[in-house]
Amino acid sequence: MILRVFNWAMAALMLAPLVLIVWMSFTPAAFFRLPLTEFSLRWYREAFNYPGFFNSFLLSLRLAGVSATIATILAFLAAYGLVRFRFPGKGALEGFFMSPLLVPGVVYGIAMLQFVNSLGLYNTFWALVMAHIAIVVPYALRTIHAQLRAVPEDLEWAARTLGATRTRTLLKVTLPLCARGVLSGFLLAFLISFAEVTVVIFMTGPAYQTLPIRIYNYLTDQIDPTVAAISAMLIGLSLVLILILDRIGGLRPTAK
Amino acid sequence: MSGADAAPAGSVPVGRGTARWLPSIFVLPLCIALALAFLWPLIDGTINSFHPFTRAGIDRESWTLANYAKLWDSFYAGILMRTIRVSLIVTLLTAALAYPVALYIVRLSPRVQAIYLLIYMTPWLVNVVVKAFGWTLLLGNRGVINNVLQGLGITDSPLRLMLNETGIVIGLTHGHFIFVLLPLWAALGGLDPNLRWAAANLGARAWDIFRRVTLPLTLPALVAGLIINFTMNMTAFATPALLGGARARVVSFLAYETNLVDLNWPLGSAMAVAMLAISLLLVWLSQRAAASGSRRVMFEGAAR
Amino acid sequence: MSLDLKSLHKRFGAVRAIDDVSLTVGDGEFFSLLGPSGCGKTTLLRTIAGILQPDSGTIALDGRDITGVPVHARNTALVFQSYALFPHLTVFENVAFGLRMRREKEAAIKARVDEALALVRLDGMAGRFPAQISGGQQQRVALARALVVRPALLLLDEPLSNLDARLREEMRTEIRRIQRAVGITTILVTHDIHEAFALSDRIAVMNQGRAEQIGTPADIYLRPATQFVAEFAGQVNHFATRVERVDGARLEVATSDGARFWVAPAGPLPAIGSELSVILRPERVRLDNGAYANRFTATVEDVTYLGGLTIYRLTLGAHRLLAQAQNLGTPALAPGATVAVGWEAEDGVCLVRG
């Protein structure tokens, strides 16, 4: 009984800041005030009228889309190689592919800041893409790898005995069979990239402020519910992606 | 993906029938991408940490350990101590909060369990910056909590709940909760319920069952989760920056200032290398803890 | 200690897991709950242990009502089917667990654990972990852990089902030896008729939550109270008959297709015209020309050779008849052969139908 109430309280606490943001975004007042009765879309108008936010949103969308796509392709190929072949050094290679998970964002951000500058790529889109591919690839790989292992190899051999080449088999049999895993991997990669803050904040220049960075800078400056409107939309977007991911099984807690 | 080294029974051993180079077509693209975008920058940064910093920038001609020596200055050491203290408080708090939750949800129906896990997972899946903003609305001087407290006449002036260590603790506990809850939930779910009944049958009351059976059997998972949680607390950036601010600087915030305000990259790199070393050590410890857990699970399996 | 169950009921949703069970187990008795899976025997055992609460009815130990007493205070010791040994504790600590819960002195714990381990012949294993010992040894640890607390009741839930056939034999003897040595009232749950026969003083055969019959192994086998008990206790030939004629203590019965034979029911004689189920065990069907009360000629359909025994499938008119013969050196019959069969009136067990 105590545990049940405690669990409710904790679950409520988990959601409280998010619920509050959404609530605030629909009030006309600039500060939290009780009671919250009035309804207004004022801050949504302001958010859309502030060009910085919209440009940053487009940039984040583009960055997440490009990085997640490239990462998913790389991860699918790598997963296929890891699942379908045996070769020396495979374990080490897997470790290498997952290693970005072990490196804290701050550490990687500092390294990228200095690296990107020394290459003359500072303040470019592709520098961000590079970083985000490395960050999201382990998530995509883990998801796709798990799905690929569940596809019976016999099905591929069946296609091969029926005259399909390896490439055709890969595209016509293997890929459709683990489409769910590939899609989960892509969405997860997209979600992570879209929300990523730490690395980008270290390495990016003023011309490429992703949406989270724009919000971060705005927050260190001032606090008004314009951010609430933006944040509410971001929460909505995350929620949609999470629900899709959950539906297709991409968030099942797995034993690593 | 630790289980993946056991190749599926049917996988093709390279060398007969298939060309030796065939697997590389698949794994090489990712190898190259990660070598370029991940490994190289890290190595490059590590090298920078051994060069001296001068007015003109990095002196790539000479080598030094001065950057690392500087980390022991009392100013840096003080911030490191605060970071450790805050991280530890968060980790212990999370343990105390996550255990009861895990105990409760593991008894629910699988459907309800999934819903709760999703709820507890949301903080991790929602943008850090957005979360921090949400907490600002709650904890700020003109936020919900102070509003209510003052409205009810409990306090006269606003309580300082953020832009100090309290803010960091609240924000990080929220943000990294799932990393303790999830392994704990898995361990509790994998526990043979008969073990608890056996203990009760032998005279153990609820508290004794918890202390002597449930807790020891889930301890490896708990410890593994706590270490991961601690590591993430130590290296978190946006949450402490927005909820702690300059008044409660942590290591990552300091590293930000060093790299982007002072532009002292050698020192910044030395900080990065130190942070990386510490977190790799902690991850290794956590995996050892988890491994001792899987050995336990094996015991249990063998006893069936 | 003696155990008294009075009209226990337990439902899970629509399923009656325990349906009005009353029984008494005497002090020092070895009592078995026998039945197919899902018959409620494990539920009953767990109710006795206090893991489950009955919906109604009472459980009493030596006359003291313990129905509401929580598990940890019941002083029953349950040996789980999976053994439920604590994987993180050594053999010694597993056995000591109950004593520690009873706040015994360290010296007393040491002495009693050693004694218990000696009883189950596991001296020298005290420092091992459960995963480091064999299944049979785990079973002994579970037994020692249960016995060491000197419980009022020893409850065994399918304790032998996880062992291979040879070990099962051995442990069966072992359990009986230990139970006699300790003299503890014991309740065994099993689906294995031989295990129940070999170990028990008395048996309750359970079906769909009810105790169909309670009695000694011989009662169960020779004088089954219901067709279910008869069939569960071994192979049977079953005839649906009607009483045609009474002759002293004997009845002549007929099947629907006109086959007639004599039976000698125990107890009051049913009236002419009443419906009677007759159960005939295969070993009671003799394959010779003896002067039996019932004599027929049958045809051999199929022969199964089992070493010491041979099972014959016979046809007797429209009926199939199972016969079991000891192999005493006479040549076996071949399929298709005609053979004289017979049995005494007392061989058939009569059950009044409906």
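General remarks:
The first chain written gets the first letter, and so on, giving A, B and C; residue counts start at 1 in each chain.
Heads up, the rule we're going with is that contacts are C-beta pairs under 8 Å (C-beta built on N, C-alpha and C of every residue); 3 or more make two chains touch, one makes a residue touch a chain.
Keep in mind the model is a prediction, meaning the values are calculated, not measured.
Distance from chain C peaks, on a Cα-centroid basis, for A.
The most centrally placed chain, judged by C-alpha centroids, is B.
Rounded to whole angstrom units, the spacing between the C-alpha centres of chain A and chain C is 61. Centre-to-centre separation of chain B and chain C, using mean CA positions: 56 Å.
Annotation: 18 Å between the Cα-based centres of chain A and chain B.
Among all residues of chain A, none touch two or more other chains.
Residues of chain C that touch chain B in their complex: 49-51, 70-78, 80, 82-88, 97-98, 101-102, 129-131, 138, 145, 149, 162. In the complex of the two chains, the chain B residues touching chain C come out as 192, 194-195, 197-205, 208, 212-213, 216-217, 296, 298-300, 302-304. Of all the residues in chain A, the ones that touch chain B in their complex are 3-4, 6-7, 10-11, 13-18, 20-21, 24, 31-34, 70, 74-75, 77-78, 80-87, 90-91, 93-94, 96-100, 102-116, 118, 130-131, 133-134, 137, 141-142, 145, 149, 153-154, 191, 194-195, 197-198, 201-202, 212, 215-216, 219-220, 223, 227-228, 231, 234-235, 238, 242, 246, 251, 253, 255-256.
For chain B in complex with chain A, the residues that touch the partner chain are 1-5, 7-8, 10-14, 18, 22-27, 29-31, 33-34, 36-38, 40-42, 44-45, 48, 97, 100-101, 103-105, 114, 116-123, 125-138, 140, 142-144, 147-148, 151, 174, 177, 182, 185-186, 231-232, 234-235, 237-238, 241-242, 252, 255-256, 259-260, 265, 268-269, 271-273, 275-276, 279-280, 283.
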